[in-house]
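Paired with chain B in one complex and with chain C in the other, chain A is shared by the two complexes that follow.
Coming up: the complex of A and B.
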């Protein structure tokens, strides 16, 4: 699970957990430690050691190394050379990397609100106790469980300028077909469409769970006052969903910033860098140009963006408490 | 207290997740019809790409070269699947993905549950520090560790011709080690397990301890059986992530023998003259296991995705 970008849960999960970090089985009074207690503690250490080693080796050390390498010139074959901020300076003067930051923000700006809006509407509709509820839920969630690479292959075919389904559909309703992924004007919107389409499921699920926690008596009272369904939606559902919305918003931004698989399959960052993303630039620097130092510096910038989002979310949640 | 009574006691505590409430106002009549229409249209939008994938995989090359495209195949070419397996070793890719996903799931469930249990239910020195460190690790994006992870694999000492300092060879690159070990466990799985173990009542362990059970037995025989749904949840999420993982196997393998199915698809697509019917057949093969798994184990997936989010 180390190398996935679709697990959108991490940041916010962690924020929630940090709050409840207090131990449940804390010692009452530790004046004397009995033999049994000693044995227990040893068992605890034994149980956690493999995980500590694994996470230490494959996460902690790599993170530290990333920061170190970002200040070096390193091409794998010779030892890293310390060059202070040269990578950062070069990166911010690199038009392609700056474009990748712009593209990433633009992608996030469109996919997150669009799929959130669809998700909340679908969740509310799904929560009305329909018979086919399960089928609908499965349909909306399916793109989330299937691999992004596989799904992107299908979209690649749908977007095909010559034989694609999308152009065929557009022509039946009298609209001109487009070259989509090979047209610099349309490539990013096409990628955004795929991202928004795929991102609905998880958001919908979180909204459904949040809806089930809304106190039903609120709706009862509103019904007695003669409020319409639409009125109830805007006056009760929307405000009550505010914490869930905030949570979904944050994890979605974090997820969207790490888009990679569909870029790799659909466009390779092209045409003319129209769809390149920060993640894609990290990949290109490290594994096509073998500039490990530069790739590390770029990934530090990506990390800074995500950290910024997480910290803001922390602050806002704190203020609300 | 005997083991069965302890278990019964815990089950009565309702340890599992997400209470399912019936919604108060059921939609009726015309309103319900409208909602159904809207949701059906939405579902079609979500499902059409999947349908299109399967239909394309069953068409002939001549039919695929028509515009506008036919919707249903004029001739159902089921032989495309056999031809796909001849065109690229998708069977092998499939097997590789399956082996890796299964191994990741086993490692995660065994090590993750032990670590989660220790963090939730045993007090030992340094526990809080370890927990906070895990939380911090949760927040690290993939791309902020991928370069050094790759370097660690490449310079793994004493493997693949490397000397003790990791020089001279290729380390774990292009080996099963690279595919299995780094992705074998994640901080998020440990975190989820901890949350599940925390939700169990404390009197169980006290009773068990009076009965003289050791910590490993309390873990394996009393608490772990009670979180079977959680194990299913974490296991399925791990399997799904591993099966769908693309970037890591792409980076660390080069030989076709070790290729996983997602990378196999990408390689097949990059060949000249994409054979769409074969590519879609391969994509269908890569997708179907997850779809089936999801449909049959939907409860656990949904618990996993929501629970991990809400708690």
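Coming up: the complex of A and C.
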């Protein structure tokens, strides 16, 4: 084993150390450790082989195939025909797909921060040693492990203009009921509400785990200095949660861009395409219109969006990362 | 009715050997004689969007397939259940993977796409001709299973849509019969609409929202004398004057005459508004009768079906047809199953289980049809019923109809604009 391995150091130092290492001595060192190290590496490769095969078969090849098919006219009944950028040109001239991009961004813009804000507050509250804490944690997490279709059925009833819980509640306080899922003005906000609510559970869980890693002495010191609870929350809790926030932010954005099942069950993309999303358009192209080439092109655009947002997020939160 | 029906089915088991091929026996005798049950063997797969759910599976596996096996002991059928909502995905993945089921039940409007692409077997090569089928079915129903002059599918059941009126409500408003014209439809709808003091709708005069927007539009379009496509299905025709008038009527019902509000009913409603009195009239599926029997049989006497009359008679039919895969490794076994499923006894049992309309004209006299007024009404009026579909791209474009219709009802576009935009989309798909 090399010196650097015995005393692990961070990447930059390791790189510098590697640069300083004499080319002539490096092979010598590798030879010296080769027997044990090779065995260890072989074992490592052996252990990750199933995972590599899995990723290769079910992720890498489909991704490459998707990129290839996005440049073809492939309608499942005949072999793909290379058409260069025709799918992309058509897609960006398609008013419905452009609307789906707008809807997806709008959905993400609201569901991600709202559910993150609610999740962090809930996590803090449920980290105070309250009575029935476990029950509440389970209750908040339940939507995450419940099938979206089942959840959507419940929300269909809540949003029902005639018998729905929401309109009944509004009427008791003198407000008019709405046709939540069939009025274009309200359909997307209604879907956003469901998305934000459903996403709270997993975010709360991550935040609770992160909260439990915050050193209690920080709060004790702040208390001794006379800091209020709100001050402690914003000056200690929020900064200490930044790494978790970055992680939650990324997975939330990816999840929001991939929203599909609740649209499929709640609105079918309607009314008049008011709630259609990029993933729903991919589904429609692939399974309703049998245009796999177009669906692949739409998937590539969705992938590009996610890559862009993730890179921006990494850049913005680089220090915390 | 159920007991009686079961007795009748049980009694007819002995006749299955003859009736099992009923369709072909009375039509394509030569081909049928070729099919020797002892020589037909193999394992075949059946993909079905009907028979799903517990009652349907019980019917297929406990009653129908045992009868089939009695006739064809050397054939094994593996059933793949799905719903119409998921049939596209099933068929798409089946075609892409090359594992197309031997026998596929699919809907009206689906045949064109799969026949055009060579997925379906030409049943003419198995001995079923158009002329033979037209002896047992109405012309329009037979044509739903044809493409390019060849027969690719045999009908099993029909889903029809027509007008239904709550006569108790109409009589209260001073009307003794359902409307016989668009003008009367508007007049009665306005007279039977009820709003509360604050203007919120309590009863719709004419409900169109509890039905799929595309199918509601098609029903009105047919009553306007319009067509979906031109004769050779190479261009859309629904944006004609008749189409614009039909969508205009729907939009006016909501925005001008205010006989229904957006969101008052929806396709997700568990109880149809005609059953619970939240609508005086509406466009409904024939199985409303069965739903009413289960939900509240006291309303049955008050439900009156009617054909929506405009410039023409408007009635819509879809349905389920049986097809055979072109690449089936056991085409004779597949053909045997197709013939069995479309035979009078099996088709009647399947229709009865779903409250649907048998496609076979001879079943008009059956106990089931005679005991179900809506099914009877539908069968008696099949000569005016029209279907959707036409071009082989129908499955690609049919999903675009609902947003277009909704856009017009919501006032986002005029009926002409909505239909012209839709027609442009459809034409692009046809030309692609």
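The rule is short, and it goes like this: the second predicted complex is superposed on the first by the 257 of 321 C-alpha atoms of A that agree within 3 Å, B and C clash if a C-alpha of one lies under 4 Å from a C-alpha of the other, contacts with A are read in each partner's own complex, and residues count from 1 in each chain.
Following the convention adopted for this analysis, a contact is a pair of C-beta atoms (placed from the backbone, for glycine too) under 8 Å apart; a residue touches a chain by one contact, two chains touch by 3 or more.
Not measured: the values here are computed from a predicted model.
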Partner chain(s) touched by A:77 [first = chain B, second = chain C, both, neither]: second
Chain B versus chain C as contact partner of A:162, first or second or both or neither: both
In the superposition, chain B vs chain C on chain A residues touched: B
Partner chain in contact with A:200 - chain B first, chain C second, else both or neither: first
First, second, both or neither for A:230, with chain B first and chain C second: neither
Contacts of A:179 with chain B and chain C, given as first, second, both or neither: second
Touched partner set for A:35, first chain B, second chain C, both or neither: neither
Chain B versus chain C as contact partner of A:272, first or second or both or neither: second
Contacts of A:288 with chain B and chain C, given as first, second, both or neither: second
Where chain A meets both chain C and chain B, residue numbers: 76, 156, 160, 162, 286-287, 292
In the complex with chain C, residue positions of chain A that touch it: 76-78, 96, 156, 160-162, 176-184, 268-273, 284, 286-292
Residues on chain B engaged by chain A in the complex (per definition of touch): 18-27, 31-32, 35-36, 38-40, 42-43, 45-50, 52-53, 56, 64-69, 104, 108, 111-112, 114-115, 117-125, 127-128, 130-152, 154, 181-191, 195, 198, 202, 209, 214-216, 219, 237-238, 240-248, 251, 262, 265-266, 269, 276, 279-280, 283, 286-287, 290-291, 293-295, 298, 301-302, 305-306, 308-311
Touching residues (chain side chain C, partner chain A) in the complex: 88-89, 92, 95-96, 113, 117-119, 200, 209, 261-266, 268, 278, 395-399, 402-403, 406-407, 410, 412, 429
Touching residues on chain A, where the partner in the complex is chain B: 1-7, 9-14, 16-18, 21, 23-27, 36, 39-41, 43-45, 47-48, 50-52, 54-55, 57-63, 65-66, 69, 76, 118, 122, 125-130, 132, 134-151, 153-158, 160, 162-165, 168, 171-172, 197, 200, 202, 205-206, 208-210, 212, 216, 219-220, 223, 229, 247, 251, 254, 257-258, 260-261, 264-265, 278-279, 282-283, 286-287, 292, 295-296, 299-300, 302-303, 306-307, 310
